[in-house]
């Protein structure tokens, strides 16, 4: 039986600009993205590339400057107030820093009961209790953790509560903003495995953002590489990982140290600095650092082109495979 | 290989409101001259405390309970503050930290700051100082060095600031550089540039570096020897290749096999059960025993000592 | 997961535990406060003053306004424990009744400055933008006023008395607290849990009441506890300068002033009034410090 895969999220020419004294900060600069239902999509990029802003714009936590956002085929770009509530039930967010993403004055019970009460998912206190107990058990925690305050929990436990909160609304899609970067290595693996298991149990779609290429590789089905507000390469993870095509992707992947003393980084894969999204260069934003730069690159912004192996790359270089 | 630094059974405790934190409970390792020695461990294992102890830069509530830090035949723990400042800090042993933003003085130009370091060890004319500063900045491959001299720290990016820090340290010509998580706050591409600078310096100037980090991948990139630290003790001292090809201590094994990047599938990554212990009330005997699948009675009662199990390879475990 | 897999008994127990937890948090704070000797001392000081204020008529046979010119400037004796002042009134009695004035003024100032200050601080901190700019500029302007001159002007226009003291001090005084509240709210807003609240669908009202206010309360409590000593000293100063509360009303400040002229003959007048001021102010200061530590023992000073 062929299962038709829905596009759960689509963005069209999405832009988010911030006004600064030095000029517009083009945090999200014309992003065209399609996320398939049931997949794990990983957005990778260095600091300042706009991935956090992109996620918050899609979630409508921030208002887009221009462009469109579609959720399950419906245009949600201009959604306000009441309509937004429906969105909050369909998409949720797991935050990076477990130490500041939980209200210090709310117990675990309070934190997890809020989403249930706001969206009328439970009718009374007893049902709320039951639901919260289920969530805690799913996270590998005990019901007694319900009465704890955040300062009485470890970093890993706090992050589990953050994940439970995102699950409480019973969403279709969960965005995960560097969910393990603030955690120890030994806790990291556990959380990632927990997320993986939960995705299968609850039949979810995941959108990870991270600067950690190794993490994105190990969790994602498809990945996108973001640079200065734009997606420069997007496609199946193994395809891109084994054979990066965009010069930035190439340089970025080559910069990642591998935990293998026989495989060392050669030289300086990427020269220059990570640029500021305020007043980005004309033409291709990577041109100033690109070893393959040509005259067209400085004048015209490259669009994402479909290649024969299914990936999309935004580059003017002619001999792209 | 002559030993530049020999840390022998170092014990450091901290007096806190909640009790005594037994941060270092017997740290043992030796650094060879000219080597890049990695000190790897997770948050709270005591690696930063170890680095600070070498330079005696610990907080007032720190108690040095025992052990020796032998640097070139002298025990640094016997030195007074004045002796440390005059004879060792900067000109013999220098340290760079994780956040370059807070290590550089915001009201001094780059030229002035590096010059201050140089002034402590050399008297020269204004022009000579300028030339020395330029030399040091060139060593760390900073672009447009002349233009950099009159800039202030806030005008530089994180990566550049970190390189300026190294230049500042190099200007004092130390024999040992301690780097405490220098790239944790940097982007991956900037980290790669920084590591390249370190590699160049190692080749050209035969520097000795103690590189403190939680990142195994970085260790495999630039270190030649590694000390694996867990909850205040060294569990394994091993050449880098051996650590990755054949980790002996149960913790080292799990660590090496749980690092992202070592496997492509999530399911194949190892997990270490339990969590890092609180050092106010640490486990008895081997501090890893509560999380070790092979723990036996002796592990709970007797502290394992580092013993030789191969060429330059030492492990502290009762089960090996 | 079916209902049967979830232990209903367990749940009922946790519900009860939760209720206990909330009240135990409060008792934890009290416990920490109690263990702080200085804070307890301050608490005792303040309780003494409150007791004196309430039971003043029972603590002394004299009336505060009863003059007795034949017994003026008498030294401390068995009939007049702290002697008499220039009009023959019993000093101790006036000091006792003075505590009523002091506390009254203090409470009124706290209500006045606190209400305006907190409201402005919340508006400024939460909404930011133009509102913040306007309010902060207003704060800057008001703070550049010399308070004493303003108090004199108000006294000149509205006459003297308790309420005018409160207004004179309060008009400028709220600015300190607005700033404190604003800065606390700004730092709360930075935290991820605020954005997390929005992400699960909390309304703005809910964010303010469930997320921001509860985290700002410790700051507010500490703030209020330092407002009292500040208010006391400010009003005593005004009285001392001849503004605000005037004789024959027994305010400690004016008693210090009145006693100034007789420092050599009858030093006990000024000194004892000064002592009462100091005693009360210290008491509130110790409580304030104690509260700060008890509410958040993790902050290092």
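Just so it is clear, A, B and C label the chains in written order, and each chain counts residues from 1 on its own.
Quick note on the criterion: a residue touches a chain if its C-beta (ideal position, glycine included) is under 8 Å from a C-beta of that chain, and two chains touch if they have at least 3 such contacts.
Predicted, not measured: the structure shown is a model, and the values here were computed from it.
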### Summary
Chain centres computed over CA atoms; the one at greatest distance from chain A is chain C
### Task
Determine which two chains are connected by the greatest number of contacting C-beta pairs.
A-B
### Centre-to-centre distance between chain C and chain A (centres being mean Cα positions), rounded to whole Å
49
### Task
For chain A and chain B, let me know how many angstrom lie between their CA-based centres, rounded off.
33
### Task
Would you kindly tell me how far, in whole Å, the mean C-alpha position of chain C lies from that of chain B?
51
### Summary
As the complex stands, chain A meets chain C at residues 59, 61, 84-85, 88-89, 92-93, 95-97, 100-107, 109, 114-115, 118-119, 125-126, 129-130, 133-134, 137, 143-144, 146-147, 149, 162, 165, 168-169
## Note on the structure
Counting only contacts in the complex, chain C reaches chain A at residues 1, 3, 6-8, 10-11, 14-15, 17-18, 21-22, 25, 191-193, 195-202, 210-211, 214-215
### Query
In the complex formed with chain A, which residues of chain B make contact?
42-43, 157, 159-160, 187-193, 195-196, 214-218, 220-221, 240-241, 244, 254-256, 258-267, 269-272, 275-276
### Message
Using the touch definition from the top, list the residues of chain A that touch chain B in their complex.
### Response
46-47, 154, 156, 184-190, 192-193, 196, 211-215, 217-219, 251-252, 254-262, 264-265, 267-271, 273-274
